[in-house]
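In what follows, chain A forms one complex with chain B and a second complex with chain C.
Presenting the complex of A and B:
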């Protein structure tokens, strides 16, 4: 009979494969992908000439965007494929890179995964296609995710400057103050859970994306890469600062153990048993469409900080890239430019609840003046736009972050499940990241 | 394999006519096992009747305030232009061609090895036994790299060809044919002038029927549930089988542009298991007689 592995195991296994394929591609100095040069770099001419390209994306907006694009450029056909969400797609992308064919021309990749593909030389540098002129259209923090080592590997689509989402009904009922600092946040957590043991300040069972964002906000830079030299230090000042703070919640069992994004989790957001969310600015769309029962209950506040001065980080969000193996790179670049830098396209994207990465939209008065009824008429975009400007600078992800996140559960996750100090978990994560990186041909210190 | 032997042991122990004594401990164990097996199924049926809203607000192990089973089925079948039906058809294709082909090949090879003497038979025996010990998951990656060089990834053949090999089925038919097809019978057929093929199709295949059904059942279940291989081989959702497709729906609930459709994932899972449950119930009597083959000396 078939052995039923838990899906996390399977996913991890898939990521391991992707990782081992990555190694081949990285070390072989890329035998796959063809050089763009000869095909020409005139994006406008390519759009006029037309052709067919494939676009991998799991964003719900993609369908409407592709339809609008094809209407504007009738000679171009875009084949839209949903090749999976997140890691499922990256595994397939990595497989296609390794195989040298079978990949899309344009693909959606989250920010944390872009370095992995960029450093393996599987992405097209868009600088020769005139993309450097687009830099001023995007926020500094999202641009830094697509531009590295003097090349431009994609365009940002959305962003996730973090904020505190809180259930005002619960806060009012238990007399909690909206916390401005993490100390106040922990005090609220204690007060709430003591008053009603079924209620928790937040749900967190250990999530690599959340942890890295929190370290980012605390000013940590645990991952730095120069060429093939990587340094991992998950005990730097910022990492320790976050771990020492967050451990207080973990050790005192003040966090709900409901796994994020499960049906139980959505339930908790609706009935008040999960009172806050510390997450990216894209969350309002998810709340509005999938937690309808709590309409009017939620509000948005700036992310709590350590010392009261505004500081935040990015959580989630991503952009689109062009693969080197694209047979029509100029056309693919043309589609990408329209997709993320054209006003009509961005408008379609924002209509379904994404949070922009384009400065024109983030700073627009009309955007800031919106008063969604779901949030009791609060001008939430004022808070979120301000957060976009407060993102701490200097953060970078590992060139094998996808794999790194997949082993998070075995390391830091263990500290969560035993309700103990997070620092030993971070140290063991670091140890495994270092040895994996060295196996992959990077020279990793840590 | 371990599942087989333990189950056949279980059957023998509980069905033995010489030992009708009732054991409280065993009965209790069986009741617990029954509950353990049925509760997830019960959960699935109950929750397939809920809308997403009531799924998030009602107690998991009992019905909610609404009864949305039929609207859920309707939505499952029509979501994203009816992609679920496409996945269903794909699964059927992979099962009919893959599991059917695997059964045919296993039958031919197992019968041949059992009833003909030729050089290298011992070597084949060793290779087949060795192949049984290698889990399919471990072979998925080498298979992927091989297929990508052949340009077969992201095609139905990438799923069908690996499913065609069933070393376990071959071994089962071999062991079954040793006992079920008497050599004397084949001798008699040869004396009467029947060719080997004719003997096989008119005589042997009938004697082998329970064994063939058993192998078919195993390969059908394995192909129906196949997840990892299609996950890495296919990138086009229109080629997905149900397993990978449902996982894609499930993953939709995560992240930046989350669109949870848990009610459709649950209803889709219920629809997915119905054919396999029906198939199992219809074929199980063959399966039982197949398992007990060789347990009594004739």
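Presenting the complex of A and C:
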């Protein structure tokens, strides 16, 4: 901290100076906003003319994709920067936006964070560049994350329709049935933990992304935003339905308290002490690369539901956006269009375990027919593709979800840590979300 | 009369010479002053400036005077974090300094074989980068596969839970003690080395034993070093950040975003984008730390002169 403070403060100083300069420039240039030409023509022209753009991404595929792009469009240079994963990148992006410069032209942003940047008017609307014609290429649920308020703020890259990943070896050993409903899931949890107290049905110490996805699946819509009016209700029917169900696991200590993504967590996934994972369709790549011990043990099944009717939600996943401060927006849009809508690029993305957001790939027979050895030759993409079609509609995130997720441990996490009912935790989360939103100038009810 | 006027006449001359000298001196310290102003004064000034405004996602920036300060004074999260580091300090600092004192006396006693070896080994953790040290302890603390788990298995119970709410301050205190024991020992040891050997000889002639020597010569001579080490440790406790911030990934619910004042300020600015409020928290905490360090120094000096 001692070392960080001065540089941060200096940066902030620069931010304010640059910010006020930008404001002046924006006021002066109010009337001269250039209208791009029709349906992607100037995108093609920009790709032909060439230039240099910067792309921030932490995806493992970015390097190969950039190389392929530069080969196809030799006049364009793409500077690839890994500015950190998730929140680390958003912090830098936020600073660049405030400074009015220093940001990338194209940046990777997860779906839950897009509204925050869109609302702050940091993102370029891609509709004038003909991106509305791409809608049919993507699944409806991923498209809904990039298209809002009549604008298109990015293109989806991957998606995370949720499914149940389970360790078949453990299930066979303890005679557990693959659960189709949450009641059956809880029954399995009890049976497994009773048979071997070192084994748990799942590890969950409280995770904001998981909670919001679970509420999503239960049909809850706790966050609604219209302009600057926000409503937060983490006690709506869907939220309560999830909390009442999941609390049974928390209160009876049927969940492993190993934090997700820790070293112990990977070990637990490998040795069978964590028997299931309820997560997004991007998980197979992670299991294959980081939990090598359990090769052949894991299988995929549809996510359990409340009443047996197929329903799922998205977990994780994201796309790329073009920043408003980009000096060459047409070229940046051209790169983005190629990155997520071009077959060659998507192929590179899929080759290293990404789960697509493009309908052509999700529905393709070749994709569904894959039989990865890690999953004992199961055609897992059949299950995952089907899940993509069962995502419950109508979900939206908060316009300040990045902050919201950061205080999850302070609130709902407290219910987890005391093994008690999750509803009071959700209420306390709601209370803090409302008060923060109002502090930030939104008009928040809840 | 003449003497007075002569003196009067000489005075301005002397003053201008002094001013010349001071100007020349000023040129010598100018490079330092520039760096000092950029690296210390400007950030503090800017933080003060920031603390008088409030910037919102919607609605922009507005001058709020001392509004942020009033808010900090009523902020339950801030005071919870403050109380936590005070408790931490009251327990961890005496333990660490006590152990450091014992280690320094032992190495200085000349009764220890290979004292140079012990000196280096006790000091070594201080040379380990803080982040690395915390990561390492994080592995040891692992409740399912770490050393903690091994001990629990050995005892056949789950007594040791380093990441539980009851244990977490102890776990962090242990890391801090391990890290800074050697550093404080070195401060004490160097203070012991400057005690004139004559004093020991005189004490021996007077028939003082080892413990009497410690009580009457060594500890009094250490008072200044003790005050310094205490002040450093208090400041260190109030600035607690690295350890809890890194352990947060392993104990996400126990270590909240406002676990320590520094973590609170950090999260306010990087997660909540409340830079203004964050600056206010940092300033309030800086003032409190300054006051407490000053009081400790005053008290330490007073008992020294007594």
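As a convention for this text, the second predicted complex is superposed on the first by the 405 of 446 C-alpha atoms of A that agree within 3 Å, B and C clash if a C-alpha of one lies under 4 Å from a C-alpha of the other, contacts with A are read in each partner's own complex, and residues count from 1 in each chain.
Here, a contact is a pair of C-beta atoms (placed from the backbone, for glycine too) under 8 Å apart; a residue touches a chain by one contact, two chains touch by 3 or more.
Here the structure is a predicted model, which is why all the values come from computation and not from measurement.
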First (chain B), second (chain C), both or neither touched by A:195: neither
First (chain B), second (chain C), both or neither touched by A:410: second
Contacts of A:140 with chain B and chain C, given as first, second, both or neither: neither
Touching partner for A:263 - first (chain B), second (chain C), both, neither: both
Which superposed partner A:286 touches (first chain B, second chain C, both, neither): first
Partner chain in contact with A:369 - chain B first, chain C second, else both or neither: neither
Contacts of A:351 with chain B and chain C, given as first, second, both or neither: neither
Which superposed partner A:86 touches (first chain B, second chain C, both, neither): first
Where chain A meets both chain C and chain B, residue numbers: 1-2, 5, 10, 13, 91, 261-263, 267
Chain C partner contacts - residues on chain A that touch it in the complex: 1-2, 5-6, 8-10, 12-13, 87, 91, 94, 119-120, 205-206, 228, 256-259, 261-264, 267-268, 273, 399-400, 402-403, 406-407, 409-410, 413-414, 416-417, 436, 439-442
Residues of chain B defined as touching chain A within the complex: 3, 53, 55-57, 135, 137, 141, 144-145, 148-149, 151, 153-154, 218, 221-222, 225-228, 231-232, 235-237, 247-248, 251-260, 262
Interface residues, chain A side, partner chain B - complex: 1-3, 5, 7, 10, 13-14, 17, 56, 58-61, 81-86, 88, 91-92, 95-96, 98-99, 101-102, 110, 158, 160, 260-263, 266-267, 270-271, 280, 282, 285-286, 289-293, 316-318, 352-354
Residue numbers on chain C that touch chain A, as the complex places them: 39-40, 42-43, 46-47, 50, 56-59, 139, 142-146, 165, 239, 241-242, 248-258, 262, 266-267, 269-275, 282
